[in-house]
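Below is the structure I would like to discuss, written out as structure tokens.
The first chain written gets the first letter, and so on, giving A, B, C, D, E and F; residue counts start at 1 in each chain.
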């Protein structure tokens, strides 16, 4: 399984020059935003956490849809399906590798972005923490979509309908936990705990559902 | 050429999720922002156009990186490179098909989002108009990245990094034209005309550069 | 084998890296020496001149900020010219030049960004604003990094060179945006006061150290660029010889 | 060791591709499937490998002791039309991955270099897989069968794109596997050059099945 | 019509794959490339098709009147290792697309149904391409050559995955093309069953090239 | 903070960056030269050098 993890990591790093890419991508998005909203620093720092979260969502989605399709196209998926190791485990490891390659660098870089967006320390810390806890959920949800994409070669529409709406709760609790940490009245813990619960839930459901879909692949 | 247009349209609807993925991604962004800004309707309506534009920009990126990679993987690219029809034209048509499948639905859905963001009629109209005029430029710039991605084993983030900085001028003029339409002092026409000029400029430069890159990556 | 290498030696006359290496070996010491002298003079001048009545001591930041900003744009221009050389004439030195320039450009852009920030805090009261000039420079920085990453992601050097060349050329649109951003949008940043059509609008008191520093930075850039090009040529030569050695070894084993 | 298929039937889309296929292979035996294009050879192999659910019938692998009845998928190597290798990774990285991923700690296979040597490509394991020629890619895909041990080999046109010398090389490797008590199931259009094998000719299209709706 | 290659040399990565390859084909003539795996057959075909820049040498197609000298790429069909078909579209949609995309208004090819008929697969044009068996996919890829007319055919292992009857079918189609004054350039490991063809054996690896850096 | 701080910070950072880039380039060159020397020692010579030997 470590072999699979390392291979997937290598693949995503070979593809684009390394972990820095994720960070660079994020930086680019953040550089684009102020052009849209205008250079109002107060406003920027207020929408900052939401922007960082949306950036993380987009980064996780780019390339996620080919998580299993690439394996199917070159025939590796067949061999993985035939193994004794439970398929759920294989899916889980692939998801973790994807998360490590694309989302983790973002989590690590998020303080830097917070600075750019003029956020204060508490907000930066909260963003980083919620991202760390919440972003795996996005990957796991995406994995279900990726598996469905393999099972139904013409199911493009279904995948998007499946994945994006499911990520909305994660996004909402992630962002609201961050704001709760900054603005006094709202307590931080409840939304954060819900976010944690969501991640745990999808850690179990996501790979299981993905494995189920893969087993039922059309051919 | 119509044949190519129709084929690409068909493909992105059957396989890529086409129209819906962009709109859904868009909806996701719009659903999350209010959590960031809080329920302040005035503020929402102020940053509304910017958010819609940024959403359109990010949504256009989804799937763009495989515009030519998919053709390379099944060998179709070879045949396209061999034709007498100028490669620029082929690229242009593929871009138009991609735009029709992903960006046009966004343009059509933008009034709905405008309503969500509490924008008034003038702002909604202006957003829709500027999106219609400006979004092709994004696709054409993206095509350059997609052509470069053919040289890479996998696309993904690197392509977006190369592309996003170049889209900033489009974003700036798109948003500022929208604001100009709403707020009285600033005239609407100058930024709008610049936006149009930008789109025309990239309609020429984008496919030409993409064709050049494709010719140079063939092996 | 012998006839093929004969045929290929004709190619190498077209663009001779060996000649470049000889030339570089001759001029690098001179360039380095003059650069050091210019820096000494420039540093002396920049601390000897009076401070500005408005900006006080901080005006001295100008003497590095402005040259660094100029160089960040000049470096990209040089890369664009090299890109044309790669695409049109397929000159092998052109792609070496573009590849060697990218990290230098990134360094100078970083310098301009950081010194600008350090200047902005006392002058504008903030480290960073998202105005057109500042952001376009930031975008330039990102583009340098993106190009470096792209160069690493493609392992066939000649393919990498051609693909990067296309992107460099497309990215060139950013340079006029940086240059004219202060005129097209009203921003916090100073508008052009030295490089103007109707002559500089700056007190010669400040102009003198600025020019000396600009020359020093430019010379530094060229020194480093030539050195980096030489390194890159060596790197490719080593790779070619390694491959040759491996093949020779294989041949001997087989026979 | 026995590989037994009984009354297999499989369906693609709505059509029944074949029905009532049975065979029985003992350790050291090979079965070669032949037949026209689209006659269902690949389909049968995928059913045996457990990648496709049969419409009817069973496939069972019995251990030497006749004790354990299990599905042969887990004890098989499957070499399909596609090579299951990543273009971006080098040959050595690809093979090493499969060696670790497929390997049981107990029954080890060959080291990567030896496997590449066995298919006649020892010099190029440092190249990215995507740089190889079609035939070289196929040979490396075959080398994958050597890096981890599996008693059953399921081969779908193993010699596609191979030159004559590689054909002989592969035939030798298959014979060696049989000699060690393995089982081989192969589909092919050209004679594989093996001695002492059963042959089965697929005919294709066993008739439209009315299914539960008819 | 004449297809002339003079002193071709090509490079893959840093190695010279072949050097000094010349041939001359008149209308109605065919050249078959043979040679070991990795000997450069596919590389040569890609050079002739204009998909790979030769290191040295030229390929020229002269019109019957000897007037027009142009690169053969535009006047050629190229059938590579990959089929250039979309799995998501049906066979008919795929073929129809290539018919319109490749077709010159002047010289029309066969309608889609006839082309499928010619490769022996008239019944299944409504299926998505991805559902076909390997051999059926290859046949459809070949049918692509029939839906639009091109004087030069460049074929890279056209008979891979085909059964014996399809081999004969294809040989017949190629002969017909030659009889109409076409030119065929094919790489293969198995005899194509054509009469009256030139043959060229590729040897591979023409030496390490130090390039300009050495 | 005094203005002098910003001035010295700028000059300090500029010195840092220029020195770092220079050293990096220099070191890279030295490493390459060493590799070339070791190749030479292993008996692998450039084509032009071999031609010069009269080979």
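One rule holds in what follows: a residue touches a chain if its C-beta (ideal position, glycine included) is under 8 Å from a C-beta of that chain, and two chains touch if they have at least 3 such contacts.
Just so we're on the same page, UniProt names per chain: A, B = Heme exporter protein B; C = Heme exporter protein C; D, E = Heme ABC exporter ATP-binding protein CcmA; F = Heme exporter protein D.
None of these values were measured; they are calculated from a predicted model.
For the pair subunit A (Heme exporter protein B) and subunit B (Heme exporter protein B), the CA-based superposition corresponds to a rotation of 175 degrees in steps of 5. The greatest number of inter-chain C-beta pairs in contact is found between A-B. Farthest chain from subunit A (Heme exporter protein B) (centres taken as the mean of C-alpha atoms): E.
When chain centres are set by their Cα atoms, the one at the greatest distance from subunit C (Heme exporter protein C) is D. Taking the mean of the C-alpha atoms as each chain's centre, subunit B (Heme exporter protein B) and subunit F (Heme exporter protein D) sit 43 Å apart.
With centres set at the average Cα position, the gap from subunit B (Heme exporter protein B) to subunit E is 37 Å. Look at where the CA atoms of subunit D average out and do the same for subunit F (Heme exporter protein D): the two points lie 54 Å apart. Rounded to a whole number, the gap between the C-alpha centres of subunit E and subunit F (Heme exporter protein D) is 50 angstrom. Touching two or more other chains at once are residues 11, 14-17, 21, 24, 28, 31, 35, 38, 73, 153-154 of subunit A (Heme exporter protein B).
Annotation for subunit C (Heme exporter protein C): residues 5, 135, 139, 142, 146, 149-150, 153, 156, 237, 241, 244 touch two or more other chains. Multi-chain contact residues of subunit F (Heme exporter protein D) (touching two or more other chains) are listed as 46-47. Subunit C (Heme exporter protein C) makes touch with subunit F (Heme exporter protein D) in their complex at residues 5, 9, 18, 56-58, 60-61, 64-65, 68, 103-104, 107, 110-111, 114-115, 118-119, 121-122, 220, 224, 227-228, 230-231, 234-235, 237-238, 241-242, 244-245. Interface of subunit A (Heme exporter protein B) with subunit B (Heme exporter protein B) (complex): residues 11-12, 14-17, 21-22, 24-25, 28-29, 31-33, 35-38, 43, 46-51, 53-54, 57-59, 61-63, 66, 70, 73, 102, 153-154, 156-161, 164-165, 167-168, 171-172, 175-176, 179.
By the touch rule above, subunit D contacts subunit E in their complex via residues 12-13, 35-38, 42, 81, 127, 131-136, 139, 157, 160-166, 189-190.
Contacts from subunit C (Heme exporter protein C) toward subunit E in the complex involve residues 1, 3-5, 7-8, 11-12, 14-17, 92, 156, 233, 236-237, 239-241, 243-244, 247. Here subunit E touches subunit B (Heme exporter protein B) in the complex through residues 12, 46, 49-52, 73-74, 76, 78, 80-89, 93, 96-98, 100-102, going by the rule given at the top.
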